[in-house]
């Protein structure tokens, strides 16, 4: 697969996910050095640093691109710092890709790292932020992030007959997938009963249905195909970014999404035939000129077990309401036709917001190269990621070799 | 002037600067609608929204691109949200330019707006952020932003013989320039004595030497030359972005810059021949294929009166140590050879962080079109902006028609 | 309800204070007719409409559950939780006329086990929390009274 | 100095507690030899050097003023200002051997009017502020003692 919009992924790297409590830049340095070493590119040769921001770590987090460039040692590389909540890593990749394809740089470092607080995410900024929907949803409703995950879960139950056991089965699958992933935080096999015996947090979701918040980092070195050719002699077998879909909604956003208190109105303009989250992967498919049937594996955003099932439908692995059947059939388990979250997913990693969309791409690269020891999807050639950030940030990346 | 890296500026708009205390998105809407009207482009036709973030307005500020897209009404445009402190607007423009030149969109809205607190900027994030240089400089040293401005001012005095009257003269000049600017916050003519009688804040800088913090917004509609041609029939007389320099330092960053507590060491790698702030405009000149002698006007970042003098040298209007002479000669006053801050500059506007690098470009557009009533630089064809954001974010934009 | 506490809405302008038949206050575009909640006075969200004026409008008191959940643990601040904490349900309710889905707390005592997607609900007011001087009122969704507009 | 207060640095690991001849504690790259302040244990800032280990090293006690100022108004928190507030100077001092310019407060009583670019300064310790239990020490720049290393 090749076209003139491709960029190459020369190297990827992570800092293992966990709850270490260190400065986020320390994790970023480990991930950056790992990606550079994997790429066999020296830091001094990087021309652009696309940082994904963290908003819970003071000023250095807001200027992540500059923070990492300074800590690695100012090398004259230009920097950008992007924020799109959980999709920040994809926005940073999109920034690097546009710079490369516009001819403003040849080789870039894309990087995100975070240190997270314990417990629920609460609104940032302090004080009575009466204009801020993020403040409003907490103050007026107590609508935490798991509340939204739970709304989608409950709808699957009442509409499609999903059961608590189906949700638990997603956790069981992912816990097995991630068992041998050296970067995963939780490496313990769960059985259905573990999930069903864990306390209910936001009904119907239980503690083990919901992903934790983690410290972690991920980075990658991306470049133009010309640079790759010069760097490696040829581009045979190289992982290529075929598409980066960063997709915002089209009015009316008729599905209630985190952190909104109400949907858009469908009174005047009817709901679009393909709803927003169904457009995200399809924007990437269109860019890459492929379809769901061409995909060998997917990394999707399992904030909750039930949301992974939603994503099966959003990315076109099955029709609406059929995800439970797909799961039960084993198609999305390693060994099945389209393994989902072979990395172990957020179930095994937890959320490290600016890192996670990047880490999804890292996993695709390891899988496509055949380096995913203990969780390898055999013969994988094309993978997709899908992710969603608060306030209408959809992201989907397609990688092929 | 034309080359294949040009993009066109179809429209510009602002919300007047002030201290209104409203939600920042209200200002942004006014600026966006003004820019769209000026461009005669409908919001529904915008394909990309490049937001410059504000970090003091909660979550909506961190995802400025999405916030403005949602408030204008989700139209399917892709979004980005960039942060580079005071250079954020230039980073947003750079993002839009790369997307356009990479062929990912044809027409984009670049936008920034802020509501600011009173008094000194203090570190964001709360708590004891012992790893955060921004926290450290306040806690250990009490090094506010004016402290850094003052270090540069004092150095001019001790090294080049600058006087308090020279600094005051910058304020006098800019206060006259901005007198009739409808978007300026301070529209009062100052005389030397006004400045010299104002209290010393950070010696040697007085209250009227230092810019205030403001509420404000600025926006522009930019597009590919092809889009402009289709939209307007031709591209005659259109303002073009010839260069966007977003320049980070090269080690060693031998000049102590806000918010650092120490410079980089020159013990092993000597200081570069051209220091970082001297590289910012020159990166833009190189992109545009022109030099300082081709410039008809400049908007530079007068955080303090003395810093405007530094910028004369950084952007190549005169040699180091000669800025006071250039000022006294009248070259940088409207009517002179290269008026600087014909808008009135930050002296008349104050800082509205995500908006200001964009507002500098707006002023160039009005000047180049001959629409800068009451402050017009006659016959201006080429203008430059220069700006600097904390943590190594240099920005310079060249606009020509 | 305490007699000495002044009763104030938890947030200004989102709902009426008619305790018997409260309504949410949305905004309506005078040009294209679309609805917005929470209310705002400017900037129609319809990208095909360039109206900048939105007018306040009452929203339907009745609708059907799009989905629901229950907070088994206390949300963090700025949610003000009672001590001891009592789990409560939330529901997202579809208002047919406005084409809006509005998330709200569910009336005290009505739990997730009592709800179902599609169920008919009506708007009521409830006490969110109290401080030394105030009783903060919040809109809640409650199962529709039999014989009400929605339940027909 | 109070006898009942325990004396602690305002920030950990930036300077020694030798009250007579304190030094800043920087970091030095064992591979390329460059210096870093504030100190850190990893990540050489020289982009041409891939060392990830930096070792603590004392920095020169003496240097020359690169520039200086005076805070005429109290900085905001997290700066802890004494009441009533007393203006104080700050100086950025160039350390020749390390090629570093280090910003610091200037010793109490030495004001901007007493300073000049190029002036010789030496490192001292001073009390930043006190709380119920602690006296917080901070490094400061002071005019070099005549006959000192820098003043020769």
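In order of appearance the chains are A, B, C and D, and numbering begins at 1 in each one.
Everything below uses one rule, namely that a residue touches a chain if its C-beta (ideal position, glycine included) is under 8 Å from a C-beta of that chain, and two chains touch if they have at least 3 such contacts.
The model shown is predicted, which means the values in this text are computed figures rather than measured ones.
**Student:** Treat touching chains as neighbours: how many steps, at the fewest, connect chain B to chain D?
**Tutor:** Step count on the best path from chain B to chain D: 1.
**Student:** As a test of understanding: of all chains, whose mean C-alpha position lies farthest from that of chain B?
**Tutor:** C
**Student:** Using the average of all C-alpha atoms in each chain as its centre, how far is it in Å between chain A and chain C?
**Tutor:** That gives a centre separation of 33 Å.
**Student:** Between chain B and chain C, tell me the centre distance in angstrom, where each centre is the average of that chain's C-alpha atoms.
**Tutor:** Chain centroid spacing, chain B to chain C, equals 44 Å.
**Student:** So, what's the distance in Å between the C-alpha centres of chain B and chain A?
**Tutor:** Whole-Å distance between the two chain centres: 34.
**Student:** Would you please write down the residue numbers of chain B that are in contact with two or more other chains?
**Tutor:** Within chain B, the residues that touch at least two other chains are 70, 73-75, 123, 133, 135, 251-252, 264.
**Student:** Pull out every residue in chain D that's touching 2 or more other chains.
**Tutor:** In chain D, the residues touching two or more other chains are 45-48.
**Student:** Just spell out which pairs of chains touch, all of them.
**Tutor:** A-B, A-C, A-D, B-C, B-D
**Student:** Inside the complex, what are the residues of chain D that reach chain B?
**Tutor:** Spelled out, the residues of chain D in touch with chain B are 10-12, 14, 29, 32-38, 45-48, 66-81, 88-90, 92, 97-105, 112, 116-118, 138.
**Student:** Please output the residues of chain A touching chain D within their complex, sorted ascending.
**Tutor:** 26, 29, 33, 42-44, 70-75
**Student:** Per the contact definition, I'd like the list of chain A residues that touch chain C in the complex.
**Tutor:** 119-120, 122-123, 128, 130, 133, 135-144, 147, 150-155, 158-159, 199-205, 251-252, 254-256, 260-269
**Student:** Across the complex, what residues on chain D touch chain A?
**Tutor:** Listed in rising order, the residues are 42-50, 52.
**Student:** In their complex, what parts of chain A are in touch with chain B?
**Tutor:** Spelled out, the residues of chain A in touch with chain B are 23, 25, 53, 55-60, 62-63, 66-67, 69-70, 73-85, 91, 94-95, 97-99, 101-104, 123-126, 129, 131-135, 246-253, 259, 264, 389-393.
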